Amino acid sequence: MPKTIVEAKVIGQQILSKDVKLIEVFAPEIARTAKPGQFVNVQVSKQAAPLLRRPFGVAGIDYKSGTFKMIYRIMGEGTQILAELCSGDVISIIGPLGHGFDLTAKHPLLVGGGLGLAPLLYLAQSFLKKNIEVLMGGRTASELFWQDLFNEETAAIHMTTDDGSLGTKGTVNALLPQLLETGKYDCVYVCGPVPMMKAVVKVVEKAGLPCQISLEKYMACGFGACLSCACGGVGKRLKVCTDGPVFWSTEVKEW
Amino acid sequence: MPKTIVEAKVIGQQILSKDVKLIEVFAPEIARTAKPGQFVNVQVSKQAAPLLRRPFGVAGIDYKSGTFKMIYRIMGEGTQILAELCSGDVISIIGPLGHGFDLTAKHPLLVGGGLGLAPLLYLAQSFLKKNIEVLMGGRTASELFWQDLFNEETAAIHMTTDDGSLGTKGTVNALLPQLLETGKYDCVYVCGPVPMMKAVVKVVEKAGLPCQISLEKYMACGFGACLSCACGGVGKRLKVCTDGPVFWSTEVKEW
Amino acid sequence: MVKPLYDNRLAINIGGLKMNTPVTTASGTFGFGLEFQDFLDLEKVGAVTVKGTTLEPRSGNKGQRAVETPAGMLNCVGLENPGSDYFLQETLPKLKKIAVPIIVNIAGNSPEEYGKLAKKLDVDGVDAIEINISCPNVKQGGLAFGTCPDSAVEVVKAVKANTSKFVITKLSPNVTDIVEIALAVENAGSDAVSLINTVLGMKIDIARQQPVLGNVMGGLSGPAIRPVAVRMVYQVAQAVHIPIIGMGGIMCAADAIEFFLAGASAIAVGTGNFSDPRLAETISKGILEYMDAHGIKNIQEIIGKALPNR
Amino acid sequence: MVKPLYDNRLAINIGGLKMNTPVTTASGTFGFGLEFQDFLDLEKVGAVTVKGTTLEPRSGNKGQRAVETPAGMLNCVGLENPGSDYFLQETLPKLKKIAVPIIVNIAGNSPEEYGKLAKKLDVDGVDAIEINISCPNVKQGGLAFGTCPDSAVEVVKAVKANTSKFVITKLSPNVTDIVEIALAVENAGSDAVSLINTVLGMKIDIARQQPVLGNVMGGLSGPAIRPVAVRMVYQVAQAVHIPIIGMGGIMCAADAIEFFLAGASAIAVGTGNFSDPRLAETISKGILEYMDAHGIKNIQEIIGKALPNR
């Protein structure tokens, strides 16, 4: 699974919400090798500024057509440029990068919030629909446009919103303990804001289930060269970009 | 004729030669006030790089539709970005800038080379067709694609090429003395590479005719604030961007 | 006389120099201000700092004087200016009509010359003197005064002895320890410091295989140097007690706010004026929006807020 | 053993250190080289300079370690590295298999520590030592050694006394006079100098109103600093007689050529590796194209060609 640099052609873009878009690109070298949880590093400009690539999780692949998807929020300059790309435009992408999720679970529960749901979408694709469930949290109903995307891939969708406008009121932890009590699941995968992940890990570990987390750190290179993403692991230093971004919750000490 | 900053919409682009394009933009504030010889300063990017605007002469206006034209050679990063713009794109333009040509001549001869022919094209538009002639020089026939553009505006086109592939063999000065000898012209306007302009001015001044030149200096601002374009005039310092770019040949000392 | 603008939330008074907004313009990038009248209302600028002025007229450097670099530009204008007599007779009368503080940036070849110039400019219509001891583009004086605390002190003392105006000393970033110089000029009586001037740089034309600029080296300005400027303001703010005017690569309100948080009481827009001649005014508006969003009642509240122990 | 590549027109020998191409990689931006094997043929790089190595393992700085700036980036990695024992036991054996010179970048807290480290690394497989006296991201030592000629000299002497290898001293741009430091380390016996290390800078998060980087300040690298780097190479080349390895913002062959013309005998690709991990190889090819276009038979012909009186 060597990393490659490809000139990828934009197939199209889709608006998912006010500030979230889905982009599909043609890059067979990446689409045919990327595992769920891996990411790519996208060059948004050939000019000197913005200088660095922008990392995005792989949100789904189409093996046959050689395309893959990313789902991104417009945050700043780089994602703004990305949002303006049209079908036919060509961008340089490095991938696949990092290590993906463990795929041996039989009855996984996926827990996500915000753009953390992007890599989980591809993860969902990789399990049998009837075996997989997702728990998603957001501040308000409009943030959970994700249900349409997950509908096709999962047996059940559980939702929470901070304001109670959709699903259970509260954070994902308002629902998680009772879901875990059912004893249905053999592994929990979580991706989202750090406070959310920390809270989820606590509950899952207490319930005695294995838990995988996907970390996000500011990355200058994405392939292990710069150490901007390093963090403390158990007994050794880890690089989020090459040792992760997916880790077992017990592997990372400082995040 | 105050300078303005406008968000101009690109109407369209046209390929004139391998590396020369014509761009037409909608900017009534500029199209309706710009005089021949004036220029505009175009922002090619909203990013931090390229940082500075790029100056281009006004190559023609359409008063009614509120549009104007620029003709540019793809030289580097900035003009490359310009060349990739599509109809409908919006760019920020400052203009009109500088002082234009004197328009009181009755029988003008326009002498130009390279992109120096761009402002002369608008100048030609401003005289009666039957009274105006142009002398253009290039290295080889393919550089004189300009004849199609000038055909509509001038009574006669005289051409020279270094390699003799079109018109008289040699520089414009191979033809200029005999043209001047006819005694037809009352003013010469020259715009092109500095060595060409210097050679032409010498001949014209010797023939006792008034001569206007259009200078190009590296410009950081284009409106008189930075002094990067300053040069020595007779008895005073001049700024090419505000005192020029058009000068009488006798006004400038060091260029 | 300055009439209040911007609903007073941006009004500042730095050691007696009163401005409607802390957004000023950097010397050499705003001409004499008058060049910008087509684009903005000069009275909406905190203060206009004019192009570096010398005792006698100077014609500056020959050859190419500016060139773009990644997110920046180099210039070697070399203090071209019509001289102090012309300034006093021709330019100042026009500037007086604008109700905005005028800061005159001065440069000289010796402390005595700085003193002489300061005395000449100690006239009505000039609100402050900015001592340029950091111009990288002139052979004599210039940068040399700004890289050595002792000579910086001499210049400041010569100016202070000859003027009744508010005195700002403009510091060079081309030094090992900018804090040392800042403390020296504070001790010498400078009423404020401004930083940073341009960073010495150069570009080579690989076709001609020669330096691009007529003067070989030039001063780097623009967004490229902003991180250096913010760092230096942050360092100097922890050491001196006089106000700081921060500058270097400010292109929008967010950039300006970085400088306030780092400890600047006012800021100056430089190279950004070339990309957008309305920028100084736009930035004041943007700062107000930020203040609204963050519930800040007066700009003072955020000055130095990112400094340790605040 | 290095087998010739690139038809020998790029081959250089700087004081005994032989390379197939003058295009090397900058310490801290190329990992240990092995991270790049998916992207390029390491043997097509002139030399691999590995991440700064210290006697003991270091875990570096906490918090955010990098952030983009206009045409540049700031980093405060803080010399995280697994230490010299790990390097010698685990990394070096792998590097030995690649037929390319290995330069080990070293850092320490005292001249003695630098000496000790040099002695430890005086082993087969290490081709040169690059002394990092210019790291802005560590509290002790680091930058301090590089801003004062006397302490720089002490470090160089300690290293030279303990190694048989080619010694390169890496200079900091955060000084008033880089020529003074370059001359000092040349006199102390350094076989070459490399410049520039990063420029000290910082960025403030205006939402949190706090510095972005965990270590507050960081080192600015990338195209933004290229004009400063070219200027310093040009200045140092006029003063020293030892070879110069130039670096700072090199993103393409044209950028590299600026450094050769300014007097560098070799160059290093740094931050550019992050944008394009194949860059070092691409640049060698681009230099050959430039040589073809300009009728240059050997890279030596253009080294220092833009310097005065050449």
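Residue numbering begins at 1 within each chain, and the chains themselves are lettered A, B, C and D in the order written.
Assume a contact is a pair of C-beta atoms (placed from the backbone, for glycine too) under 8 Å apart; a residue touches a chain by one contact, two chains touch by 3 or more.
These numbers were taken from a predicted model, which means no experiment stands behind them.
Taking each chain's centre as the mean of its C-alpha atoms, the one that lies farthest from the centre of chain B is A. Rounded to whole angstrom, the centroid-to-centroid distance between chain A and chain D, based on C-alpha atoms, equals 36 Å.
If you average the CA atoms of chain A and of chain B, the two centres end up 54 Å from each other. For chain D, residues touching at least two other chains, in rising order: 70-72, 222-224. In chain A, the residues that touch at least two other chains are 48-50. Chain contacts in this assembly form a complete graph, since each chain touches every other chain. Across the complex, chain C is touched by residues 2-5, 43, 48-53, 92, 94, 218-230, 232, 237, 242, 254 of chain B.
Chain D meets chain A in the complex at residues 28-31, 35-36, 38-39, 51, 59-60, 62, 64-68, 70-73, 75, 77, 80, 82, 222-224, 251, 271, 273-278.
Per the touch definition, chain C reaches chain D in the complex via residues 69-72, 74, 147, 174-177, 199-204, 206, 209-211, 216-217, 220, 222-228, 230-231, 234, 249, 254, 257-258, 261-262, 290, 302, 305-306.
Residues 48-49 of chain B touch chain D in their complex.
Across the complex, chain A is touched by residues 45, 47-50, 77 of chain B.
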